[in-house]
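One chain, chain A, appears in both complexes that follow, with chain B as partner in the first and chain C in the second.
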Partner chain A sequence: MTAIMEAAPPVTSAQPRQSWAAVVALAGFEGRRLLLRVPVLLALAVYAFWIVWHTRDSFDGFPALQDADRSTQGAPLLVALAVMVCVNQSVLRSRRRDTERHFAVLVLQPGRRTAAHVLSVLPATAVVAACVAVQFTWEALKPGAIGTGSPGELLVGPLSVLLFGAIGVLVARLAPSAVAVPLMVVFFLFLFVFGASPALSDDWTRWLYPVVGESSANILPSDLLGRPAAWHALYLAGLALSVALLAVLIGGARKGVAGTALAGALALTVVGGVGQAAGLSDETAAARVRASVTPEKEQTCVERGRSTYCAFPEWTPRVATWAGVVDHVQSLSGGTAKGQQLLVRQRIEARYGLDSDAAVFPLSTPHQVTVGTAWGGNRVPEFSVGVASVLIAGNEKAVGEMCDGRMVTVMWTALAWESDPVAALRRVRLDDSVTGSATVLAPTESLSMTAGQTEVVRQLLEQPRDAVAAKVKARWAELTDPKVTTGRAAQLLGVAVPKGADKCDG
Partner chain B sequence: MTPTVSASGLCLRYGGTRALDDVSLRLTQGVTGLLGPNGAGKTTLLRVLATAVPADQGAFTVLGQDPGTARGRQEVRRRLGYLPQTPGFHPDFTAFEFVDYVAILKELTDRGARHREVRRVLDEVDLSDVRGKRIKKLSGGMRQRVALAAALVGDPGFLVLDEPTVGLDPEQRMRFRELIARAGEGRTVLLSTHQTEDVAMLCHRVVVMAAGAVRFDGTPAELTARAAGRVWSSTERDPGAKAGWRTGLGAFRNVGDPPPGADLLEPTLEDGYLLTLDGAGTEVAV
Partner chain C sequence: MRRLSGVPAVWRALTPPVCRTVPWRALAAGGALGLLLAGMPRMVDGLNDDFYALNLLRAAALAFALSLAFLLDDPARHTTAAVPTPRPARQALRVALVAPVAALWWTAALLLVPAEVRPPTGDITLEAAATLVLTLAASATALRFAQEAEPGTAVAAGLLLTAALTMVLVPDRWAMFVYMKDEGWAASHDRWAMVLAMAVLVWGVCGPEPLRRRVRPVPSGA
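Our next item is the complex of A and B:
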């Protein structure tokens, strides 16, 4: 059989050609190559690994999405720096490889080639946007997730990649040297590592920086955050667009069109910059005061079992979890504590914003327990200690002065229901130990455990729970009497009395 | 026949040097050779015709378009293939990627059609088998063919080749001649070269330049005919010869004005070229 091969007809100039279609085609070509560059691939791999490693255990499984959105912002900077380096090298490629003499007589003009290089950053930006979406969705799908994320905060990572990519193109056009951008990378790393970034200052200038993380332990309701996320995203988008258009303009684009677009982008940047610098609104400041001083006016209350749970609206899905802890503690309690009605109220100190780590003061109101906005991990035994303290001492304020045998009962009822009570004891103590004296954390005021109390509690937690529970319930009245000593409590519960058990030196 | 390129009075100065001096020429379909010594202005003329640099004076059209206007220049570039002297490459690109890249810069935007065209030109220069290889792994001859493929992509009506056979071994040069001859079918090719054999074998016309000016414009036969009766053989180098050298057979081949009764030889195109340069006041070094 003879095969007749026909040569393909040539694509001639008679076929329709469009410059902007060529820009898109070139951007696609460069974008694919950019994504396959080793530094970008490495940065994306590290970023993906970080997302898995970080998000698996982040927020102890109970993320507040208004904080989870911010945690997507820092890691993309690594990808952004890699993109900046590689896109800069792509722009300089023709000069370095001496193809400029040839390409200069091809149809696509330098200005449009520069535009294509800027657009080539979009695939990497899209990959980072997808990673941000995966990370945030992962957090949002965790059963303990509450709150709402901000699109403005979520845009910061991808916009940072776009901005740094545009900077890479601009630097190639302004200073066509292979060392310029690597030097900039060193400079940026210096800023990140040594903390000289304006993001750490308190005034409005920190918002000029792409990522303003504010990694705070103070979790606030979404409407009290006071972060100008939308303005900042607008500022970043305007800045990225301005840098990109400036690069295109310097690259040889027609001044009229690119100049007008640059003016528009600069206007966006200024609008975003002014908006983000405006500071906290009076309404937000007032709402923060209300949430801190009179939270009952802002909260929704739910009855669960014998107790009432009052939470800020975003936290109402957590009521069942809190109620579970209260039930556990009460099931191990005796006397009236077992059926005691409690008011569990969520309380925050929002007046100083995210930067504040001010503690919530303890209440003297009887049978009222404070619960914070964070949950999961150590916050669970801490809340449990808070519940047990109020059941035994009557109110939160009385707990701080407690230095007697009741501490044994408080700690045992607070922790014995946990799957690993001794580990819970370690976690709830400030020094992460199960020997010696230590401070015990609680939602409001911390407690002090003496070395003797620690020894007794540890011995009890190592024993079968039901056997100890029977003794605790049987001797509840004496065990919760303010006059009971640690030695006496140990005797009543049948464990060895340590030496100096009643020495309150904690 | 309508000329593909029509130039008149082209002048270009670089500082005090007159790189182009009142150059006028008309190029038609087929391969035209451009001969001249180093510094004759060949590359400058090619760069002007390829719209890389504008001329100081004069006018020209390429494929009916005036490159003096932005629109005309773009139209010329759409139909132009240019292989510069010592072309640059992106060594990390494959042959396919490099030609594809050039095709995009020529605004071939339909991805499917463009890729077909890239495959076609790589096939045309016999590089189909290595199109997926990185350019840094290709030999010098193969790289030169990649550059030719890049010039051919988009089926240009006017092909400008600046010394494409420099540095190639004889086999590669022969192969390249085939490719250029094939490329000259149905389009206009301007081939700058130092190799008179290339011109003799490929070109239907030849232009000789010296000191920025055109010294000869005609057929290779006409250039050869300039040496008719001016090449002779002798046992010693004739002191009256413009140039002379001992051949492999031991006799001297002299070019110039022969003495009476000289043993005249059949002239070659190179003889005609040497005598043309001599008439231009250019040193003839042999």
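Our next item is the complex of A and C:
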């Protein structure tokens, strides 16, 4: 008896370390099981499939990384909800299988077991973090990528998995019933699908949601975004930590240590919450006004060939692509337009931030073409139309009033260089048609085509390019005369003259 | 020992114990959340339009369906497999006990939605009925093909996953969750009717105890 009493002290002194080793071992075991649960596996499979399907042709191959980082946030929520359900079921397993009594005699106290369950979410979080990294790296490696991503935005996906995993453990300790978490998921699903709607939230409360989307597709320079991404990541981390520590505390951990840690985590949450609620800073608001009103003071200009290209610093790698389009259009033009010096300037409307898609007004400055921040897809023929119309009409403001035979030349020079010009014509028209009248999109003011002009342009685009180009260059002066009619242009270019006079209805 | 003669006597004898095994607390929780969701258009100003009302009713039906996933759980299933009253009869009794409650609950949920934003009653009821019967069919399938006595947890998780994936993945051609002013509304309800019919069929097929059972150790799964 005394021998045992004497032998006891070294065991108790060694116990804490062993017990933490047991926590880690249990966490590893539970983490592995969690990753292999059917709902989590399925959610991860769908998530991985979505990444591949989405990123293959997202942003038309020309992502701005300050937007690409945000697009990694929504999909992990599916994994997060699956993890929440499954981790909750793992915590409740001992009740369901009635093994709670056996655990009661083990050295691992309930508080530590809860901690192990919280830690078991980490492998799933790591998998999601890896998926986010893959998705963002893929975007960043695309040849057309520009801008910079924000670590705060990238952390949101993994942190929401951590948060929902912790919620799953907490609910298992608060309401040990298998039905509680599935019912919460219904509620969360509803919150996520509709939570970002402006009906439910004004400016600062929407930042309380884990994932905060934006309603606008406007692409802004990264320093004008005005999103408190870092504060939000801090808030999410604090919240996840608070929920996890609360679960551990309720699970039966020693009050002192866990309580202090919980207070620290809550403080972190509050700091993050206050930081993200601060709203738009005055500097950002002023920078947005400067970028919208006087972009020339913010931009760097590059000479390429005959023309000058001015862009916000993040977009300068894209100048070569723009210059390619300008060269194509000018090579199909004749007269003075062929050698005309252009000023291509990037212009944005940043004063309303990401709340709305504001249009950029047309300029009356001669030979200045506007280019937007988006590129790829339909933006290419739109810019091409912008270049061709300024070359022929002189400035952007005059383009809107153009309603005569010059439209034929504008559309042909804008689109003929494309590999599939008729498809480009379809894309650049608002209603995606190639017959009848329609509105044509351009970087600033839209143009309108009559049914007759559409007919002539389509015939020209279907003919071999070089033959038409020779005719266009030979008759350039007549074709770009403001008094030319569509019928006359068709005659000059040798295609069937459409019936009916020019009548613009745009 | 007195033999229970005739079918009504068996039902009378069975009703009280079966009534005790119905998971009333889970049903109450699911029903309460459902009513809370259905009542939101009245409580929150921004949600008072037909789009939110429609989807809130769907969420309410899903909440109730989740609690219904536990209805067929029977911890004593391995013992009761040998009793003379077959499993479909016992399951039918449970469902019969819950059906009036469910009907009452759904009526209340519908009435909670203001009349001017309420979706077409027949169509949305079809959706709810299909969801609930699908849940029961899934439970019956789990009971039929697994040795698990209480598959409710897994069925609930599966139902949630199905709902989420149907929302995210199903292409527009076969969309199930359609806005009532879209043209696909009628076609989607043909599909809902089909889901309901299939669920009834599957439930019917999976109801009886299997005559032969593969004997293998009970898996120690979660």
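By our rule, the second predicted complex is superposed on the first by the 477 of 506 C-alpha atoms of A that agree within 3 Å, B and C clash if a C-alpha of one lies under 4 Å from a C-alpha of the other, contacts with A are read in each partner's own complex, and residues count from 1 in each chain.
Rule of thumb we're sticking to: a residue touches a chain if its C-beta (ideal position, glycine included) is under 8 Å from a C-beta of that chain, and two chains touch if they have at least 3 such contacts.
Since the structure is predicted, the reported quantities are computational estimates derived from the model, not experimental observations.
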Partner chain in contact with A:A43 - chain B first, chain C second, else both or neither: second
First, second, both or neither for A:H102, with chain B first and chain C second: first
Partner chain in contact with A:G256 - chain B first, chain C second, else both or neither: neither
First (chain B), second (chain C), both or neither touched by A:R93: both
Partner chain(s) touched by A:L78 [first = chain B, second = chain C, both, neither]: second
Contacts of A:P143 with chain B and chain C, given as first, second, both or neither: neither
Touching partner for A:P464 - first (chain B), second (chain C), both, neither: neither
Doubly contacted residues of chain A, that is, touched by chain B and again by chain C: 93, 97
Chain C partner contacts - residues on chain A that touch it in the complex: 33, 37-39, 42-43, 46, 78, 81-82, 85-86, 89-90, 92-93, 96-97, 177-180, 182-183, 185-187, 189-190, 193-194, 197, 199-200
Chain C residues within the chain A interface of the complex: 23, 25-26, 29-30, 33, 37, 44, 46-47, 52, 55-56, 59, 62-63, 66-67, 69-70, 150, 152-153, 156-161, 163-165, 167-169, 220, 222
Touching residues (chain side chain A, partner chain B) in the complex: 7-8, 10-13, 15, 17-19, 21-22, 24-26, 29, 93-94, 97-108, 113
For the chain B and chain A complex, residues of the former touching the latter: 50-52, 74, 77-80, 82, 84, 86-91, 97, 100-102, 104-111, 113-114, 116-117, 119-121, 123, 150, 153-157
